[in-house]
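Chain IDs A, B, C, D and E follow the sequence of writing; residue 1 opens each chain.
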Amino acid sequence: MPFRFLRLQGFLAAAILLLATLVALPAAAQDRADIVAEICSGDFAAQQSALSRLAGAGVEAGSEGALWARRIVEAFEGRSLRCGDGLAVIDTPDGPLRASTLEPAEGVDTSTLSAPSVNLRLRAVAASAGAVLRLFTEESVAARAEAAAYVDRRREALTPEILAAAVERETDAALRDTLSTLRASLLLADPDPVNRIAAIEAIAQDATLRNRTAIAEALAGETDAAVLAAGEKAMAGIDRTLALGKVLATLYSGASYASVLFLAALGLAIIFGLMGVINLAQGELIMIGAYAAWFTQEAIRAALPGLLDYYLILAIPVSFLAAALVGLLMEVLVIRRLYDRPLMTLLATWAISLLLINTVRVTVGSQNLEFYQPAYVSGGFPVLGDFIMTSNRLFAIAVALFAFIAVVILLRRSLFGMNVRAVTQNRAMAGAAGIDTRRTDMMAFALGSGLAGLAGLALSPLYNVNPGMGTGFIVDSFMVVVLGGVGSLVGAIVAALGIGQINVVIEPIYGAVAAKVLVLLLVIVFIQWRPEGLFAPKGRR
Amino acid sequence: MLLTISNLSQHYGSARALDGVGFSVDKDSCTAVLGRNGAGKTTLLQTLMGLMPATGGRIELDGADITTAPPHRRARGGLGYVPQGREIFSDLSVGQNIEIVLRNHRVSEPDALRDEIVTLFPVLGEMWHRRGGDLSGGQQQQLAIGRALASRPKMLILDEPTEGIQPSIVQAIEDAIRDLKGRMAILLVEQYYDFARSVADAYVVLDRGRVVKSGKGADMERDGVADLLTV
Amino acid sequence: SPWVARKAFAAAHSDTVKLGCLFSSSGTMANIEGRLNYVARMAAEELNAKGGVLGKMVEVVTTDPGSDWPLYAQLGRQLIQQEGVAATFGCWTSVSRKSVLPVVEQNDALLYYPLHFEGEENSKNVVYLNSPPSSSVLPAVEYLMSEEGGSAKRFFMLGSDYVWPRTINQQLKGYWASKGIEADAWREEYVPVGHSNFQTLINEIRAFADQPGGQPVVILTVVGNSIPDFFREYVNQGISAFDVPVLGLDALEADFEGLDTTALVGHLNCWAYLQNAPGARNQEFLSAWANYVNANGVPYRPDVAIDPMVSTYDGVHLWALAAEKAGSFDVPAVREASAGLTFACPSGYEISMTAENTYVKRGVFIGSLNESQGFDILWQSPDTPDPVPFSPYMNA
Amino acid sequence: MAKIQSDARVDRPLLFRIVAICLLALIVAVPLLGGPLSGSALGLTPYLANIIGQIATFALLALALDLIWGFGGILSLGHGLFFAMGGYLIAMHMLKAGYVYGGVTPDIMTFMGWTELPAYWFGFESFPYAFVLILLVPGLVAFLYGWMSFRSRVSGVYFAIITQALTYVAMLLMYRNDTGFGGNNGMTGFSTLLGVPVGAPGMVTGLATASLVVLLLAFLACGALMRSPFGRLLIAIRDDEARLRFLGYDTLWPKLAAWCLSGVLAAIAGALYVPQVGIINPRLLAPEVSIEIAVWVALGGRGALSGAVIGAIIISALKFWLTGFVPEAWPFILAGVVLVVVTLLPNGLLDLKPQRLLAPLRRNRKPAPEPAE
Amino acid sequence: MTAPGAQAIQIDGLRVSFGDFVAIPQLTFIARYGEVHGVIGPNGAGKTTMLDVITGKTRPKAGTVRLDGKVDLLGMDEPAIALAGVGRKFQKPSVFEALSVRENLETALRLKPRSILAEIRSWADPRRGTRVAEVLEEIGLSDLADTPAGILAHGQKQWLEIGMLLMQRPKLLMLDEPVAGMTEEETRHTADLVRRLRSPERAVLVIEHDMAFVEEIADRVTVLHEGNPIFEGRMADARQDPLVRQVYLGR
């Protein structure tokens, strides 16, 4: 009966497997010692082959073997594997363990032993092997999926056999598909053209330039017409995706650059655009905002380490208020006396910027501050082709949009917004009309300063934060305000988008500097044509 | 007494523009300030509003000393000011020019007041959404008066309010002033002697920063004020 | 001329001798260059603790050229002419050195320069404390091209636009050409000093890397704040050292202070000193620095030491040895006495001044960035190779 | 309410004379004390002589800016452009002369791997040629840019910001080594000027004296010009350009003339500056530098030539002195001084009238009443 | 030489709009040499706008503006129009505040209008001094000749501005509300001045809301309403015109 026969077959297979394990174990002991010795040998080629074997051997030896192999690989990578005097131990906080058996190594003084050096090659193989082993040892599907994604990128220790075993073993259907595709993609040089075509198709699923190059290289020696056709088709497909990805990438970098420009200019759009104060310390207010974010981070790290991941969010009010406070002091102590002498504000704010930079330098130091980068501002998501949406820039874009909307609503809808405009147009008459000009000036200046602080926060994942960071923003932010039309917030955002987008279109062609030069020249020419910016205030003078 | 000014003085640099000016204004009465060009009328009103700090003397509004108060305190204390040269907020719309005062003063029944102002100066209603700075000179003058009324002042201070205004509206303004007279005090600087005489309960004549004559409105003719205004 | 005599007289009759420092504590270089001021002070304290030099206490005069090259010339002039310093320790970038060079030459003064650099210069008024490319960059590039180093085949040179990167790359191109490597195997890009937005360039690097032709590497010669900016964007765009390793020629432990380096592990640098250098001499130096920082409230980390710090430290001691040997602070005498001097450098090597020029023989380290913002030693030279001021590959 | 323009409109004659006399005294003193008497107790070290010379060029630069800003009301936040042009042109001359006559290869040729200098370096070994270009090139650039902007009625802060942008563009270009002007390194290592070795004994005092002489001449000439009808026209433009046009003046030309004159003066200042510092690089084109020029003028009191000169001298002298004397504290002191001036003296240092300083000495006189704010 | 009664300024089919607001829909207007022509009308009627067009400050959407029946002013910029002989006093007095009264007057005088350089050289011309002294006398500011114009009172600035026009000796002289803010006595004095300005070679346009003043000086008035001329003729007749009374004069 076929049915019974199958059962028998299953039983036999299990038995053989069990037997193999039993037989393998004593042999493995010797193997393990050999592998460890090779890793410790300091000979590059031996180390490399030992690491590759670890993956395969670990897998073959079943889950216990895989766990052991993983332990070794991780110890090697983390440099806690110590060798010397024919001894190999893993240094753990609870004392050393013998590498080949993982039994405590009593009486071994690890300080006389040294970690084998890990060069890039070895590290790559180790990383790959580690991921393969995770694929076999991790309990959760998510962790295995992560390992699979990693293995996809780092294939040094990967063989079709290993993947076959992994597919076999995998219980999660989706992950099994992923692994099958991955396995197929390894067969680019398979003798069977069908497998080669499958490999090409598997590879083409991820449309990157790197994969295109892999296909192109495989096709170089190809003779089979079907494979060639499949390759050409796959490459054409990748090319289309790449092109689209490139367009998106350009738009995204344009938007991200624009968000930086806009954030830097937003506070100025109020202080200079609305209030008419040529604030040369605007960059320093940005710097203050970034420092406030850093202090928030440190405070949270000390007091509420659990919330550290959210420090950038928690710092939003802190950065805003810190810069606003500095702005408030500036206004109350100095700027207030100068509203009827706008040129003197140039002088005063120059001095204030000097003061702020150096105060921070003397008190905090001139080194770059260390910012912890939570997940939402580090790394990026591959979107399409080679377009990776980097999170830190996405954060800046989000903050810029948020700030823009909030400020527009505030200035358009609130009495405060109307008061600011009235006061800047005619300070004396505004007072006579019952507006508290002092307070309005103070609040408006503080708002403009606080927005600069917010910019500092949003830009801290993008730029180095040090006392001098603000000076770099002066030209750009004045440019944005002027191009947009002094006093127009919408102008500022349009100008920032324009400058940002044109810049990133030119940049890959002529380089960063030439792009900047061309953009600035364009702006200069544009101003000749519209001497009061994009959104010039209209009407009688 | 609503407003009492005593011994007020003011300089521009070393030039004296007001020199020991003193007079007082009754509740709901109309006082005309007269004087030749450069006599110091505008300076007086500006000092009164706190647009420049007085260099000497004392100003009392409703019994409170406001000599050093900032302009917005005086405005909220009940002074509504129509400056010479209009000085409207040119980048705000006509409506906003009025609204901003209504809202900063938190006047009661703003809608009624707004309607009242528009009825007084229909052109403001027509141009409600236009930019203040785009209005013609006379339209701006009307806006300036409307704006001052929007704070429901206890005392309306007008610096040559009919300057540059078409005759029919001058009449309207004159009527309005007559009409307002019972409801608020009015301090009026006016070159147009006949009009001043016809509305004023009291008058003050300035010359080179000094009060050279003052008295009841009804006595202007008898006191020969007209002669003081010519050479 | 009379005023020189006056200065010399003043110097001879006071009981201190002045050393000048020309290191920026503001501007784009501040983060790394600024700490050299403190190291010079620390070395001077060590000398003073032993009774000074030729019986005089050493006084260190610091300035702040603010990462502004012309200001180096101005302040150099001030140190030499106005302060009458016996020697000047200064400059990080080669461009700043080029800017003070005429000043030290016109005044026949001595500048101790602590950075590895491009060579092609041999002034008798400069003591080149650190290595020219022959004993720093070339060994590192050779390593990258070796089997063990990853068999690099294609090179993306990215530098700040000034003399050091331009010259280094010029030499590298000559070197590769001499190995028969075709010009399409490399690409050269420059950004302005202080450039911070590397978004587009890293896209380009990725595109370059993804093309066929063998293992790509980046030879990074950007300086100052551009270094952390570059690496941050590199991580964000998801490129790891396994894909495209970066050899950061000016990259130091201190450049990574603000960064999480877990995703940067494996990138390389090459210097005459790495903080992980073995040996007791290094431990001694590290604890001296930590103590100095803590005792004096120095605004830099006590647990980070970088090559130019050590080179500056070496320089102060080499100068003291030379002055003691010469029995005088006069520049010509000190210069003459310098030839052949040796010093036990914290790097573990016994460094020595060459006899024929004012170069210093030093060891070479290749470092690999680790998780904790430090560099592990991947390779180190068996001895101290002879410095070669003028590269044979320069106009090859 | 219409406040009258508080800008001083012509120089306070007394102050003007005092400044002129001080400059004259320096012209006599510097060569004397820096030359024959340099070893004496009163003598000037070359270091000090050099500083004086540099400051004189800064004062000249401030004068140039005040001409258009103080009088014409045209604020330039990019005057570093013209200063740098003068500097670059003289530097090109010195390098080329050193190369052609002295055989000194400029660094840039080495690291760029050039065997010859780019074509636009042609002829620079000749001083007269370089000299003419120092007047011509900045003048032409000023003319083209000014013509374009004034004609399109770009004015006020728009003008200020785009001059800044223009200078910034120039900086970015000059920082590129490919542009052929030495890139970030700029130009240094000069060997001779007018055939005299740069390190020659009299060179430092000579250059300093020359700078002072040029400064004095420019000061007197500009003073005369600003008191002339032309100056009055400029002031009228500053106060109400539109009104002047309705009187039939095409304001383009007087503005352009003042602008070009200012540019050329700034370039001359640059050409005197660079041989004295021995290096030029694009840093001079940085926005901060140009802003600082405006700060000098504002501090001194814009609209009065003596104010500009005094402002430049005070700030740059303070900076020279303090950076050496208290390197950590100087930014605080400088900022403090500026803030005190700004808050106490509405129109800059010019509010410190010499007469007023003397006032306490004269008895039986009431001090003039303070202007009302 | 222009003949008295000849057309000085001739406006045809003029249309001015700001955005979608039409200030002047379709205006035809003529002013003649030898006459003082009053232009009156409600606030916002377009009087100032008309002057803005003539002086080149505002560009119309359609229409022609000719001087002497031939020179097309629309093709010229402000200085050229001024040099062609058009002078204007602004509604809001505008003088050069940092210059003294005397210098304001000197600046207004163009002896050598061809080139600014020649003009500047001619500033030493003795004729200038005499002329300035005359005008100072005429506008009654002799005592204030050396004070900065910025500190003059409103009325004084008005006078100074008229003085500047007198210096200019334009063919077409346009005064926008010259007596606003003046005392009655000053108004009379100004009226005298304006009458004296009338000459066969000159056309004078006066915009004013002071009807007594207009009546006193104007040979002819045009009443504008919403950009349209609704009346042209003698002032005395205008007072009787019902439409004029309704939209402008009141009662």
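Operating definition for what follows: contacts are C-beta pairs under 8 Å (C-beta built on N, C-alpha and C of every residue); 3 or more make two chains touch, one makes a residue touch a chain.
Which chain is which protein? Per UniProt: A = Urea ABC transporter permease subunit UrtB; B = Urea ABC transporter ATP-binding subunit UrtE; D = Urea ABC transporter permease subunit UrtC; E = Urea ABC transporter ATP-binding protein UrtD.
What you are looking at is a predicted structure, and each value in this text was computed from that prediction instead of being measured.
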item: Central subunit by CA centre of mass proxy; value: D
item: Contact pairs, highest-scoring chain pair; value: A-C
item: Chain C and chain E: spacing of chain centres that average the CA atoms, whole Å; value: 76
item: Centroid distance [mean C-alpha coordinates] between chain D and chain C, Å; value: 36
item: Where chain A and chain C are represented by their mean Cα positions, the distance between them in whole Å; value: 30
item: Numbers and ranges of chain B residues touching at least 2 other chains; value: 12, 51, 83, 85, 87, 134
item: Multi-partner residues of chain D (at least 2 other chains); value: 1-2, 172, 175-176, 328
item: Multi-chain contact sites of chain E, meaning residues that touch two or more partners; value: 18, 151
item: Residue ranges of chain A touching chain C (in the complex, touch as defined); value: 44, 79, 117-121, 123-124, 127, 154, 208-210, 212-213, 216-217, 249, 253, 256-257, 357, 361, 364-373, 378-380, 382, 386, 388, 390-393, 463-468, 472, 504, 507-508, 511-513
item: Chain E-touching residues of chain B, taken from the complex the two chains share; value: 12, 15, 36-38, 42, 84-85, 123, 130, 134-139, 141-142, 160, 163-172, 191-193, 229-231
item: Contact footprint of chain E on chain D as seen in their complex; value: 2, 4-5, 7, 9, 228-230, 232-233, 235-236, 238-240, 242-251, 253-254
item: Residues of chain E that touch chain D when the two form their complex; value: 55, 57, 77-80, 82-83, 87-88, 90, 94-99, 103, 106-108, 110, 113, 116, 120, 123, 148, 150-151, 164, 168
item: Chain B residues touching chain A - in the complex, by the definition given at the top; value: 49-51, 70-72, 74-76, 79, 81, 83, 87-92, 96, 99-101, 103-105, 131, 133-134, 147-148, 151
